[in-house]
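Paired with chain B in one complex and with chain C in the other, chain A is shared by the two complexes that follow.
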Partner chain A sequence: MNDVIVVGAGVAGLTAAVRLAESGARVLVLAKGVGATHLSAGTIDVLGYAPERVASPREALGPFIAGHPEHPYARVGVEGIEAALGWFTARLPYVGSLDENLLLPTAVGVPRPSAVVPETMAAGDLRGGGDPVAVVGFRASKDFHPALMADGLTRLAGVPARALVCSALPEDRVDANGLAFARAFEDAAFRERVVTEVAGQLRAGERVAFPAVLGVTRPVWAEVAERLGRPVFEVPTLPPSVPGMRVFGALRDALRRAGGRLRLNNVVVGAERSGARVSALRVRVGLREETLRADWFVLASGGVASGGIALDSRWRVHETALGVPVHGAPDGERFSPDYFASHPMSTVGVAVDGELRPLGDGGERWADNVLVAGATLAGAVPWKEKSGDGISLATGFAAAGLVLGKPTKEVVA
Partner chain B sequence: MTDVLGELLMRDSLDHCVKCTICETFCPVSNVTPLFPGPKYVGPQAERYRSDDAPSPDESLDYCSGCGICTQVCPQGVHVAEINTQARAKLRERTGFKLRDRLIARPTVAGALGTPVAPLANWALGNPVLRLALEKTIGLHRNAPMPIYAGRTFQRWARRRDPVTAERRVAFFHGCGTNYYEPRLGEMTVALLEHNGIAVEIPKQGCCGLPLQSNGMFDDARAYVHRLAASLAPYARAGVDIVGTSTSCTLMLKREALEILGLGDDPELRIVSERIYDICEYLLALHDRGELRDDFKPVPETVVYHAPCQQQGHGIGKPAIELLALIPELTVHESRANCCGVAGTYGLKAEKYQIAMDVGAGLFRQVADTASDRSVCDSETCRWQIAKATDVPSVHPVEMLYRASGLG
Partner chain C sequence: MAISDRADVLVIGGGATGAGVAWDAALRGYDVVLADRADLAEGTSGRFHGLLHSGGRYLVKDRLAAEECVLENALLRNLIPHCIEDTGGLFFSLPDDDPAYPDAFLEAAREVGMPAEEISPAEALRREPRLNPAVVRAIAVQDASIDAWQTVWTFAGGAREHGARIRTYHRVTDLHRDGDAITGARLRNELTGEESDIEVGFVLNASGPWAAQILHMAGIEDVGVVPGKGIMIAMNHRLVQTVVNRLAMPGDGDIIVPIQTVSVIGTTDIHATDPDEIPVTQAEVDQMLDDGERLVPGFRDARALRVWAGARPLFQDARAGEVTDTRDVSRTHAVVDHQARDGVSGLLTMSGGKLTTLRMMAQDLVDAMVAQLGHDRPCRTHEVAPPGPGEPLRLGGRLVKREETLLDEQLICECELIGRGRLETEMRERGTTNLDDIRRTLRLGMGPCQGGFCMYRATGILHEVEQLDGEQAAASLRDFLEERWKGVWPILYGDQLRQARLDDWIFQGLLDVEHLT
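Here is the complex of A and B:
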């Protein structure tokens, strides 16, 4: 039997599942497929814009939460976010904290605020300018263009930068995408060729940017930095995102070690209720439907992009797994004419109370033993706030804490 | 139902592909060879250019091993592997079937021919000169793992046994591997089920058609499925669960034949597909209900458990891991590999043997590195591949449970 069933295998679902399994709970994760980790930059962005660029998430979160009482962060509080970050950085090689955002360059050289980042990216920090950057790209790579990034760094971040094009090519790869290069970097001979070619072209005082392809499962970033004798940093690229793959791999392995179980190709199609509780989920497994029981359920199936929330052609919005009521669908204007504005539709999701329990249409608690985490939650505009994985991590961590009887706002790591 | 399975769920699912490339990151074949450009390219992308009256724009899909990992990890529900298997069959219909593929796709024929002359057949299959000749003439790789004929069939044992009667019954779908090569596995399965108070019926049965399906011979595969479904359906109709020890063959009846061969409107297959269980899935369900005897004796061994790709295709997690965890003093290392490489008949072919060995390399290393007494795996072709590559015996999870139950 299951103590807890978690729906979704992204950052929110896996964080909840790992924390629960490590605490001794019998956890089953159900997912339609692998989650959005593979498509993410791999950074934990907590709060980047509110709406101006945020220098210190710790200082900005108080006023932000006060001004956004329906935001997921209002449910977990600054303490809850901090506890989740502490839990995460104890398990994965990440650096940073709530105190200050780093400013990491994107692949086009735009500074992007992020609180907790892979150690492989930290040397890219653009706060206060910093050392000039040599951007290394690969002749065959179609997903990362060093001249474009160098130009952006110079013009937009005011950091002198230039492009170095490396001729090394992964052998026996049809598609020279980031993954092919990352796999090639796990081979010592390939690393040697790259390091030799790059080292000869570096100038004094330069730090070195690489696309985030320095090894998949065995990051070789430290070795490359040591060989080049200067700071080296990775820059997230187009999917498949190698830093995102590392996050998925680390959380999946932690779940496995803790005895948790993951079932893919399991589509949750409904919930069976018993009074104020959900007793079981109806799950489509292949051509069959199974009824899976548990004491607790964590809903972390994602938002519109992941299919956790669906919008049909009659403008009806629904949560696709358990059928939990969805809040925030606007009656009037749904989208703004300005593409990059906050659209009225964008905060649609499942509304929850202070203990992450979903609310019914009338604002009453929908079920006592269901908790909601991640992008399924209403009230956030993650792509504007730069808050996506921060929300997923903090609410996934908090959901596990609530199941374990450790209310979020009181927990410290 | 054919329409829904054949079009809406299958080919049309390619319209759900958002090109996220998640399948590409998990594909074990494209990771080791440029001959297969990856499931996204060969699947949902190339499928747009394939039609009934035009040849496939390229033949790289022949290098898909059919392991199905792409379908499992796809977050959008695209049936990547199933689309590719159907497309490969159309390609083969056009190019013709190799003699080798016709041979290895019919395990019942090979089994029936070899069993009466088992010592001779085993000698021949183990003879390097003859194997080299086979490679040169028909393209069966000289080092490809071959099963060893038992010289007797499980069906013959089944006909002579004294069945136990009990209120709870199951029908046992043992498959060709057990019948011709591993009859002991069948006997152990029966003993384990009876030990748990379950009466076992053993219907007469043939091949599930999976090797024919994998090799593109869909019409012959459908005939096999119809025949097998007809022999199992009476049990399902009477409310008797069907359990299978060959996880790939069980998956064939549970899902693949309906989806890939488009047999969703065969009423006998449908009722079988609703009542058939992988043996470990069935035993774990018993355990969850408190109905499995779990007074297991210690087995002080170290094993690597590998969940075969086809087992993962069931979507039931890894029940064997949970069952093995019930055995005292047994140390179980879980394989990190999604596939051992052989993928049924793929790794037997001369042009694909090395790819299959490269796919399985990590798993083989893990078996060696953990100084395992044996590897444990739910599929026979995978066991033969892993045992051959590692020189470490490979057994079905049932064998571990059988020993831990004090049955032998």
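Here is the complex of A and C:
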């Protein structure tokens, strides 16, 4: 028997699972596959745009929550976010806080606000400009274009930057993705070639940007920085995301250490109810279907991008795992014809009460022992707000707290 | 007026008709300039369903059009084999269709000489397992799928080899008139804003639904073009391997054409007022998806990649009796003789028509010009092929090519199998900074991910190869994303919505392209 089943192995699901397992609960995580970590930047963005660029999330969150009462942050509050960040940075090598966003360059050189970031990215901070940057790219990488980034840095952040192209080939391949580079970087001979080639071209006072591929299971960022004798930082680029894989790996390992279990290729296809509670989940494992029971269920299967929320061709919206009602589906226009405008479909998701319990169509509590976390929740546009993993972390952490009877926010009756 | 250029013939319009006309005229030894306000095949030609007509769709209601299709279908297969995939076609009827229609179809096919063979419903389902199993009668014909972009590029390329100058992104802003004669035109380079005047002996108006706008410049006001809006949806995968048509009077949503790795369903016919304002509505998308269900059950569960609308050129002539071409009785194409009709010499307009008969349309238009000029220069396009690889288009052909360089070259667009070398060559040769132009030539970003991965890569390479500054590269990327969105938002559901959301995460979440400028 499980105390808790968590559906989804992204930041929200794994955070809830680790916190629960570390508190002694018997936890089982079911996931169709790895979560959105492998597609993400690997940063914990709390609030970057509201809609103007946010300097201090701590200051901006109050008015933001007041203006967005349906936003997931309204369910956990600033204190909930802060507690979750503290929990996370105690376990993973991340830096930053709610006080002030860092400005990290994206792969096209846009200064992007983020609250808590991997230590491997922190030296890229563009607040107040900073030292000139040598952007290192690889001939064998199509997923990172150093000249384009350098151009953006100079133009948009006013930081002098230039591109260096390194000819080292991972495994002798001319076409390698981020993961292949990350594995190559774990090899001392490859690292040596890169460091030697780059070191000879650096100018005084430059910091060095690499695509975020400096090792995946064994990060080598610190060693590369030491060898080059400069601040070195990683820049997230196209998926697969190596920094995201590190987050997944770290949380998965923490879960295992705490006695929790993770089963991938387990597709939750429905819930069995008993009165006001869900008693079990129906789970497809290969060609079999199993029924798995627990006292509590945390739904963290992700949003549209992860398949947690789906729109069918008759324009009906579904939550795909438990069949929880979905809120916010527009009757009329679903999307604006202007790409960068706001689209009514963007905020569709599962609505919850102050205790993260899903709401039925009439606003009533749908089940007493189900909690919802992460991108499944309605009310946010995380890719625009730059709030993605912040929402996932804060709500995943809060969901665990609610199961443990430790809400971080005063529950409003 | 400062004349900066001279030519025998100015062809207005870089679609299938214009490219065919430029090829025909250049082959007859004329010095040709072709001008289009945008890229080649960016108008109606690049927005059709991709059907090389067997003639079947016209057999019963318009025999002359069917005959033309039979002839031209056979000719084009020989002339531009690399643009045509010989998919074959199937007409099939359902229980609620007119039971007399199939026999009328077969009889007309015999009379016209169009190859058609009735097959049993079981055989039809064997050939096309996803076809509606309620099929009553089925007739196999010689439909094929034709790549409109390759076709237009091939004819334009042939014209260029014979000295024609292809001026894309050159909008005709005025026609020069000396008394009753058209003597030239003013062109505006749409990329630089630069204006120039060209002196020409003849203007051939091949601008399709935009023809009336051109004629207004010549002071001819009483020809109208009612753009007929047709919407089409490209579905991921080939839901069928042959072209499937309803065996009934042509109507909305009654054809699916497999083309390359997708299949395209079409279409509607809704009168519009402006060929540049033909938005797709939700109701039209729903209608098309329902129509698809009747052709191929389960159609709605497939993934819709993109929706677009094309504008057919439906002419309304206030003095219809004076159209002089003999084809004016048919619903095919017609040459509008402005000397006879309006007393204006040096100007002819092509009205109506369809991509399958582009060669014949070009011949008719250039023949009319040659006759007015009193020259003796016979058409040769039925016997001379424009340059091309000569091999027929085959599904899988690109994969075979790609396999040859698999280990030596980066794959930039996984969906459409485009290698870095081809992309860089294209960027250099076309000298374009527009990702949407490259999309049309190479099919870059046309596959399931709709540019989610390849567009950042292509932007980086464009920046490197063309030495674009960051601002231009950023603008090109943003323009592409905005342009792409127009073709995807009305059909976003299921896995394609999921894909679009991943693309949002990449471009907005990860790269923050929104704040790139």
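Operating definition for what follows: the second predicted complex is superposed on the first by the 405 of 413 C-alpha atoms of A that agree within 3 Å, B and C clash if a C-alpha of one lies under 4 Å from a C-alpha of the other, contacts with A are read in each partner's own complex, and residues count from 1 in each chain.
The rule is short, and it goes like this: contacts are C-beta pairs under 8 Å (C-beta built on N, C-alpha and C of every residue); 3 or more make two chains touch, one makes a residue touch a chain.
What you see is a predicted model; the values in this text were computed from it and never measured.
When both complexes are superposed on chain A, chain B and chain C fit side by side without a clash. One geometric descriptor of the composite model is the angle centred on chain A: between the Cα centres of chain B and chain C it reads 90 degrees, in steps of 10. Legend: residue contacts after superposition of the two complexes on their common chain; A:Ala258 is shown touching neither chain B nor chain C.
Contacts of A:Asp175 after superposition: both chain B and chain C are touched. Of the two partner chains, neither chain B nor chain C is touched by A:Leu92.
One of chain B and chain C touches more residues of chain A, and that partner is C. In the superposition on chain A, A:Ala74 contacts neither chain B nor chain C. When the shared chain is aligned, chain B and chain C each come close enough to touch A:Leu39. Looking at the shared chain after the overlay, A:Pro239 reaches both chain B and chain C. When both complexes are overlaid on chain A, the residue A:His145 reaches chain C alone and has no touch with chain B. Residue contacts after overlaying the shared chain place A:Val267 against chain B, while chain C stays out of touching range. By the touch criterion defined above, A:Leu202 lies against neither chain B nor chain C after alignment on the C-alpha atoms of chain A. This overlay, made by fitting chain A, leaves chain B and chain C with a least C-alpha separation of 6 Å.
Counting contacts as defined above, chain A residues 36, 39, 173-175, 239, 307 meet chain B in one complex and chain C in the other. By the touch criterion stated above, chain C contacts chain A in their complex at residues 279, 289, 300-301, 304, 407-412, 420, 453, 456-457, 459-461, 463-464, 469-471, 473-474, 477, 481-482, 484-486, 489-490, 492-494, 497-498, 501-502, 504-506, 508-516. Residues 1, 28, 31-36, 38-39, 172-175, 177, 179, 183, 239-240, 245, 256, 261-267, 285-288, 306-307 of chain A are the ones that touch chain B when the two sit in their complex. Of all residues in chain A, only 36, 39-41, 53, 106-112, 140, 142-145, 147-148, 151-152, 154-156, 173-175, 236-239, 303-305, 307, 310-315, 334-340, 343, 345, 382-384, 386, 388 touch chain C in the complex they form. Residues 5, 20-22, 24-26, 30-31, 33-34, 37-38, 41, 71-77, 254-255, 258-259, 273-274, 288, 312-318, 322, 334 of chain B are the ones that touch chain A when the two sit in their complex.
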